[in-house]
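Lettered A, B, C and D in written order, each chain numbered from 1.
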Amino acid sequence: MTTNLLTRLRSRGVKNVLLRNLVAEFVGTFLLVFIGTCNVAQFHLGRGKTTTWIGVNIGWGFALMFSVMATANTSGGHLNPAVSLLMWSFGHLPFLWVLLYSVAQTAGAFLAAACTYYFYYETFNHYDRGVRTVLGPMGTGLVFCSYPAPYIGHFTPYLDQIVGTAILCYFVCMTIDERNRIPKVWHPLIFGLLLIMIGTAYGVHLGYPINPARDLGPRLFSFLTHGSGVFSKPYPTYFLAPIIGPLIGALLGGWLYHVSVGMHLPAVETEKLLVGEQEQSLLRKI
Amino acid sequence: MTTNLLTRLRSRGVKNVLLRNLVAEFVGTFLLVFIGTCNVAQFHLGRGKTTTWIGVNIGWGFALMFSVMATANTSGGHLNPAVSLLMWSFGHLPFLWVLLYSVAQTAGAFLAAACTYYFYYETFNHYDRGVRTVLGPMGTGLVFCSYPAPYIGHFTPYLDQIVGTAILCYFVCMTIDERNRIPKVWHPLIFGLLLIMIGTAYGVHLGYPINPARDLGPRLFSFLTHGSGVFSKPYPTYFLAPIIGPLIGALLGGWLYHVSVGMHLPAVETEKLLVGEQEQSLLRKI
Amino acid sequence: MTTNLLTRLRSRGVKNVLLRNLVAEFVGTFLLVFIGTCNVAQFHLGRGKTTTWIGVNIGWGFALMFSVMATANTSGGHLNPAVSLLMWSFGHLPFLWVLLYSVAQTAGAFLAAACTYYFYYETFNHYDRGVRTVLGPMGTGLVFCSYPAPYIGHFTPYLDQIVGTAILCYFVCMTIDERNRIPKVWHPLIFGLLLIMIGTAYGVHLGYPINPARDLGPRLFSFLTHGSGVFSKPYPTYFLAPIIGPLIGALLGGWLYHVSVGMHLPAVETEKLLVGEQEQSLLRKI
Amino acid sequence: MTTNLLTRLRSRGVKNVLLRNLVAEFVGTFLLVFIGTCNVAQFHLGRGKTTTWIGVNIGWGFALMFSVMATANTSGGHLNPAVSLLMWSFGHLPFLWVLLYSVAQTAGAFLAAACTYYFYYETFNHYDRGVRTVLGPMGTGLVFCSYPAPYIGHFTPYLDQIVGTAILCYFVCMTIDERNRIPKVWHPLIFGLLLIMIGTAYGVHLGYPINPARDLGPRLFSFLTHGSGVFSKPYPTYFLAPIIGPLIGALLGGWLYHVSVGMHLPAVETEKLLVGEQEQSLLRKI
């Protein structure tokens, strides 16, 4: 059914697993953040006419669903350094890979921010008449990355990111735990619904970045367009909170799942592995 | 694929079924109410800027979906004393367990309210300038638990809670009735959609607590922060309605399902149980 | 796992298929219309504070999903005289049954309207200060049944109902067509999404009753509470449109599906029936 | 279970595959655009009272889901010349078919616009007092086809359409790639969620036509009702962007999927084809 070109392409698929996975993490995070920040641009620059908060939640949720769907079968679809760190803590990948994944993810998010900027370039100009400011009535910085609500102190951003990422990773671990027998094909949808839920409950303080690459990559890009204010506003060390918070929160949430629920579940019997072959051929088409 | 640490954890899973289930009910109700009340805080304290009513419905719905998903394979994921009472009426668990489950659920909801309070502490202060009042223009009591709309009399809260919980339990019984052959893995999603539906139709009077633990636990916590008004406003016995109403409604709705529809369905053939082994191994991976 | 009481109940399930189906249609339409009109009450009486239009769409959609889910395995879950008529045209049930189903459905919708009225009695009084009027600024008639927008003429309501019901029945026939191989367990969800879609596109003229029982049953009830205006406003024969229109539209849409797409699909092979037994036992648990 | 009439109809199904597919593409695009433009009419003519932006996104998304569902088993459910062109580039259909499909799709969209116009005729008159203008405060042109926001230049519409359609086709290719093992029955739902996502992120510039037939067909119809302004406003060559842009974007996005992810996925084993018969009979009922 496929042309020679597609068949030939496939025969040249990257064989090096690490390289293939890094490409997947780069591409997946690019897709997630490009769709997600365009979504925020539509909300913020559109001044509420072309979307509402629930639209932002649904847009980010489905962006996660689709970008994980595209990459789950190669790199596992982490798309988030905090998730990669958690998977390392379970022994699923070496620590060096976590670092390389994180670089690929952040680079993907950086490129995504650049694409969002040029995609909505005229809309930015229409909104702020060509003068880029980070915050304030004409500010467009939060299209790219998180800034705290004005009344928020220095501790709350850490709390916020730890809790939000812990909720994310608690339920990610629940979903992928084989003992819960959730069909693999639906994991990305479940992650999407999960992010929608988090957006409806934990978005007041900073939005809900809960992903160091998603926050740092676009912040680095907006440094080029908006100047050094992106790292100094509202106070100089704020930008560290959505980097450090998620890393702590992911470990906390993931292990809390296993301690509170996962470790008490009955094991999946090993006989499964024996009949596995027939199943797999069956499942391939289901 | 898992490290020694995770494997070692799993080998120490709690063997005592009751204890394991109480932990699950505590944790599950904690998750449900923590996510749910943060959701309400985002709606109420955000003054409509960071969510809308449908966002509240979707947030609570998915909170139920995910917290049931996490606990269905251990305790059954009741997370609601009214549901536990109903399951007792079907002979699924002893009455003593209902009492213990209810205590665990209420304790989980209490802890959840405390976490919501400290999570959104600065947002509370921003909203009411640090003066906690239960109701009124600066009131924040309804972030935690239900209060009736001002024009509501003494009888309607009972009616409301009986009807809302009856709708919930009618369809919960429909979903778990094996004769309807709904795949078990999707039950939590269906419960989530069910709660969204209830929120769109039965939320005017009091919100839609329909869960004694979800209402009483946070009310007890807010007694510590908001004072005795949480039990006396708008009138002294109000708080009993979202406790007693759901217990009656659950029994009514659950049994009504069986009388109106369930008992007339053809039985599932027993031969299923004979081929069950092969199926189960198959389903484990689906 | 079940108590003696439940087991005893089940042994007394109604054996007469027609009686059982009429009970199911009565109960299913009751549930659909009770949830749906409470939903409209929340929208209309809440003056936009406790729901939005998309909440109304989602509420009605899930109400259909759940009420069909509850009754699909007994009566087929028509819950709509127009659907019953269409099924008769395919030879799925005798014409007398269509009449009896329609009566049961309309009676269920009548009872549902009564329950909505007493459920939201205080909210009605709060809204209109106890004076029931059909239309106008204090009017509450449209909580129960459809009234056309003021600028609509006499022909458009028929057009509207024919088109809306045709869209409904086109896709209902597509969903239940075995040649499309859509898993039966998901049909109710698909119907729910379908109704949400119809609500987002065909709701301007009259709302989107597209169901004679859903419109006539509550209209009859509101005759008791709102007086004869419910049959004479805005003009005396209006109420016939949401009765006659859907009956025409259902036949049109259902047969149009078969003519435009269904009849050209390849048949499902009969060998399926031979392996059917093993499949069925498998599917029972999936 | 079916009457003689339905059985007789089915025995006369069109045997010519091309003809059958053209009918399916015509009907499917008609349904998509009829539902979709009615949805936009509800949003635009209703002045925000009867739907919100998220309602528009959901309405278009489900319209795509249902119209693809109805036609996937005959023509493949392209419903978009850009998708047909992409499928040609994979060798799934001859180039002549792409042209014929495109004509059928555009004709279906033309008829759909006519139906929307007469369906909402009174609502149009109520909105603009019977004077059809393309743009401006009384303008109704954008019910039918896209017009750029006033501040948009000549290049951005192309960029917008290329990017939007690339996102669409990237994930369409991911969904239908057998190596991702996504159950075929759920493809239409996934496409629907995809379109919802695109609407939340890429709708500011022009809406999000991303389909030459969806834009040109209704534009041609509105030429009859709104005059030549539909081709000359806001500038004479604008209408080419939502025709040319999607064709480029589809090829770009589709092949980018295969280059970035698809070609690196492990092949599906051929043994699948051997056990395929049993599976297929099984899957028919799942």
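Some points to look at:
In this section, contacts are C-beta pairs under 8 Å (C-beta built on N, C-alpha and C of every residue); 3 or more make two chains touch, one makes a residue touch a chain.
Please read these numbers as outputs of a predicted model, since none were measured by experiment.
Hopping across touching chains, the smallest step count from chain B to chain C is 1.
Annotation: the chain A:chain D pair of sequence copies touches via predominantly different residues, less than half of the used numbers being shared. The distance from the centre of chain B to the centre of chain D, with each centre set as the mean of the Cα atoms, comes to 40 Å. Chain A and chain B have CA centres that are 28 Å apart. Looking at chain B, one finds that residues 52, 54, 282-283, 286 touch two or more other chains. A complete list of chain pairs in contact reads A-B, A-D, B-C, C-D.
Contact residues on chain B toward chain C in their complex (touch as defined above): 52-54, 57, 89-92, 149, 151-153, 156, 159-160, 163, 167, 170-171, 174-175, 179-184, 193-194, 196-197, 200-205, 257-265, 267-269, 271-272, 275-276, 279-280, 282-283, 286. Within the complex formed with chain C, the chain D residues making contact are 1-4, 6, 9-10, 12-14, 20, 23-24, 27, 31, 35-36, 38-39, 41-42, 45-46, 49-52, 54-56, 58-59, 62-63, 65-66, 69-71, 73-74, 115, 119-123, 125-126, 185, 278, 281-286.
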